[in-house]
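Both complexes below contain chain A, partnered by chain B and then by chain C.
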Partner chain A sequence: MSALVVARNTYREAIRDRVLLGIVIAGFAVLALTQVLRPLALGEGLRLTIDLGLSSIAFLGLLVVLLVGAGLVSKEIDRRTIYNLLSRPLPRWVYLVGKWAGLSTALWVVAAALGFALWALVALLGHPGYAGSIAEAVYLEGLELTLVTAVAVFFSSLSTPVLSALYTAGVFLGGQWCDDLRMIAGHFPGAFARVLEGAADVMPNLTLFNMRTLASSGATTSALHLALATLYALLYCGCALALGAAALESRDFK
Partner chain B sequence: MAVSWAVALALGAAAFALAHWSARALPRPAPFGELAYYPSGRYLRPAVLGHPETAADLAWLRAVQYYGEHRRTDNRFDQLAHVFDILTALSPGFQSAYVFGSFALAQEGGRFPQAERLMRSGLENNPTSGRLAFEAGFLYYVRPGGRDLAHAAECFELASRLPGGPPSATRFAAFARQNSGSLVVAYALWADVLNTSSNRYMREAAEREMQRIRLAIESRRESLARDRLGVPGVIVRPGS
Partner chain C sequence: MPSVVSSVASRTVAGQRPPDGARPASGAAIRTRGLAKSYRDNWTLRVKVGLSPLDLDVERGEIFGLLGPNGAGKTTTLKLLTGLLKPTQGRAWLMDVPAEDVRSRCALGFLPEQPYFYDYLNGVEYLEMVARLSGLAAAEATPQARHWLGRVGLSGRERVLLRKYSKGMLQRLGLAAALVHSPELLILDEPMSGLDPFGRRDVRDLILEQRERGVTVLFSSHILPDVEALCDRVAILLGGRLERVATVGELVSARGGSVEIRCAGAAVVELPHAFATTLRRSERPGETLFTLSDASLLEPVLAWMVESRLSVRAVIPQRGALEEVFLAAAEASANAASAEGVAAAGDTRRSA
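Let's turn to the complex of A and B:
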């Protein structure tokens, strides 16, 4: 049994989950809502459509990670179904990577579907040239969700679903505020400033995956930015999954 | 089961009626009341969790409704400057917000200094926007109580050099310079219009103005080159 098998099963479970269906429906509902609000936007309907569309992908994806991802491992531990899996010649890290890959793939599918719907709507409004910027923004949001999923899987190896969701949400908030943490650190002297800067560096730098400002004006980002964001996401995911594997290996399932 | 449905419908209808009545009977919450607690958009940015553009869009929708409601009633826009400061701090590239906010503040709001400050911040945040430079020029040109032709001309000239500036920007700059007394600069700008415009009527107009300026300079009578421009004012009829 390989990570691919675990990933495929996790993907199938996620896709069949009613939460995911609800999320996709909510995403389409937000896109429809933008068209209802468009007449009130005094000529800024396109901007409103793109901003709300991209934000809904990010927030709805986060919701899936917190509802599904945070309990990915801990639920199997509670139900004792993990014993069946780990009794086979399946290294625990392979199991964890498979779980992460499966849910991440499901999230990529959702992000791609909603991103395509957004582009189709924007094209219907007479602006087909926004394909590049929307595609890049959705790609970066997919990377962000993949990273947060890795964090959720790590916490899920350690704790209960509720606590895992809370810890994951906390890391998400920290990741959005790491630039502000660095700025605040500059106002304090010595050791405390270094502690704050260290915390900012440990938190995932989620602002790296944000190009919504550019997307709403149809602009694209540089290949360097995309490459850096991809590399950073892979490194951080690897780190989080390695920590999760260490935590899972230290647990004695009896 | 029928009893449960009946109870649910009865309670739901009662809740619906109560909500409908209380929306009319109770005082309405002040629009933007919550924004009053934020001294600036800079402190609101962390609260929107990486989605300042979306937050700015939602604030824009409410700002447009706020303007519309007060335009139809009391023509008091006490919160408008604060809201647009926050909105543009969240999204410094939101050019329409600078334009709409500045003109609403300058015209109906009667607060030109705040309008000017908002527009200037727009120019600082969008230094390559010919559109904003042109709108800034127009803001000065129609300043209630007295046109500021010198600043208008500066902005129109800037707009003519920046991407996105309308083709008429040079003509506007020439007109503003001419009527503010900068005849030499105006002459050069009209010459530019003459040499670059593809519109025959514009070229004829440029030649005429250049002729007027030559005459004014030669006879040392600046007034020959100036038009009689009225003083802009704002007449606001409540409910119109």
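Let's turn to the complex of A and C:
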């Protein structure tokens, strides 16, 4: 119950933050831009619209995570607002889960709003049948953002907002290039290869959440893929939040 | 009036601490045993003592003041009790529940020093949130939030965002947040800070009202007249060490001991040689004021006055102000510290 109270407060903070409003406006602007660029796409206008629209959701969502999520805990410590919460019967891990859940909810709302706008645009262009593939792609992007938020919250409980943002961006990029890292590891000998493989193992495999190419051609994915991606995201979030909670548990608030 | 004299608070004596995990006898609202905090600088690895082992009992229903200059360990003590700091050693209990257990904070209302708030919330939203976190159901939280907002003089500002509140208003809101769930124990860190005289009076009244309800109050303050007016007992912390715990009466009477004697008219008598150093005379319009610095001489002085046919109007025992007691303790502590420093330097030179 306390986690819900913290989550509601974090959601409120995110929704009332101008950053989020700016991101939503930027998302709509990108959708408008795709219509300007359509004539240049040599007959692939629909594919361009869906691909750019879905990419903008992922990119702008990542911006929110870096700008808001990376300072989610550390800013509360710097501003001492955390004193008013942790001096109540609120376990620190519940506080952390609440912060993560609140920002994740805000990101889901943004992703859903931009996804709906994308589908509406595609339907206006005469292709209402893309609803399923766009919905699946947006769902997977929502999962990806939820996972990256958990990573940001973990770093935020350890470090400053700027460093947390840098580390989170690093994990995001590493997660996108997980398979490439493994491939590169094969070209190096011994210890260095093992380091690269270890890094690839620790990084979240974010390619699992990318079905932009599929969606832009109107294809859908399997229920098994969606279920596995959901389970993977939840497990990774659990691990990141458990580590974050352990770090926060040992902290002194001077 | 709560029982205040029966409670015990003493400096830690090495070897007499209960073992960790041992639960002391119940009864006290706050109990610490060997509670200590030190910080290590990550760069120089030097250890700085924030609080030396502290044994303290605050009885249920009393108002207990923590006095000390900046850096004395007051805030450290309060943060250790509220779980914001982890002790280096020792333990604390709030209402008989170990302080490291979050349940110890169910009955606790805490006002941090210079409280900070979420500036995107309004007053009601903030109080609702903290009330819910302290265990109130949603149906109770909203009326309680509105009640306490009005109670601290912020009615009519329910929908104003906190970023538009003044410093004094935020301090009042912090107090409302500490009280919104009707706690049994209040811990207030500098509750009068940032308040104008009216605000200070309101906070004083609020603290006294809580005592009437049976709430235990522990607060730190630099404003000594407030401490003197409110507290049943005070503890003086200096340099992270508990110097003294006593009732306000004990502290000031130990320091006091002078007596003021007022006589009608201008006294045309010569002071006897025996009282030359202890009795001072000053003339005022229509009366003569004698100040006797040693109260034990009151009887012979009064006998001499009767003999000298002085018309005694009033005999008024003078209490020393808490400020004097506090400053004297601070001075004594500083002198002791510098004497220790000199002795240590001497030892170093000798050994060199």
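Keep in mind that, in the parts below, the second predicted complex is superposed on the first by the 253 of 254 C-alpha atoms of A that agree within 3 Å, B and C clash if a C-alpha of one lies under 4 Å from a C-alpha of the other, contacts with A are read in each partner's own complex, and residues count from 1 in each chain.
Methods note: a contact is a pair of C-beta atoms (placed from the backbone, for glycine too) under 8 Å apart; a residue touches a chain by one contact, two chains touch by 3 or more.
Bear in mind that the values here come from a model prediction, so they are computed numbers and not experimental data.
By the document's definition of touching, of the two partners only chain C reaches A:Arg16; chain B does not. Judged by the touch definition given at the top, the superposed model places A:Arg212 against chain B, while chain C stays out of reach.
After overlaying the two complexes on the shared chain, residue contacts for A:Leu173 are found with chain B alone; chain C is out of touch. In the superposed model, A:Arg79 makes contact with chain C only, not with chain B.
Judged by the touch definition given at the top, the superposed model places A:Ser87 against chain C, while chain B stays out of reach. In the overlay built on the shared chain, the residue A:Leu40 is in contact with chain B alone; chain C does not reach it.
Once chain A of one complex is fitted onto chain A of the other, the partner contacts of A:Glu197 are absent, as it touches neither chain B nor chain C. Taken together, the chain B residues at the contact with chain A in this complex read 45-46, 49-54, 56-57, 60-61, 64-65, 91, 93-94, 96, 100. Chain contact summary for the complex, chain A toward chain C: residues 1-2, 5-6, 8-9, 12-13, 16-17, 79-81, 83-91, 250, 252-254. Interface residues of chain A, counted against chain B in their complex, comprise 37, 40-44, 47-48, 51-52, 54-55, 58-59, 173, 176-177, 180, 206-207, 210, 212-213, 216-217.
Of all residues in chain C, only 39, 79, 82-86, 102-103, 105-106, 108, 110, 112, 114-118, 120-121, 125, 129-130, 132-135, 174, 177 touch chain A in the complex they form.
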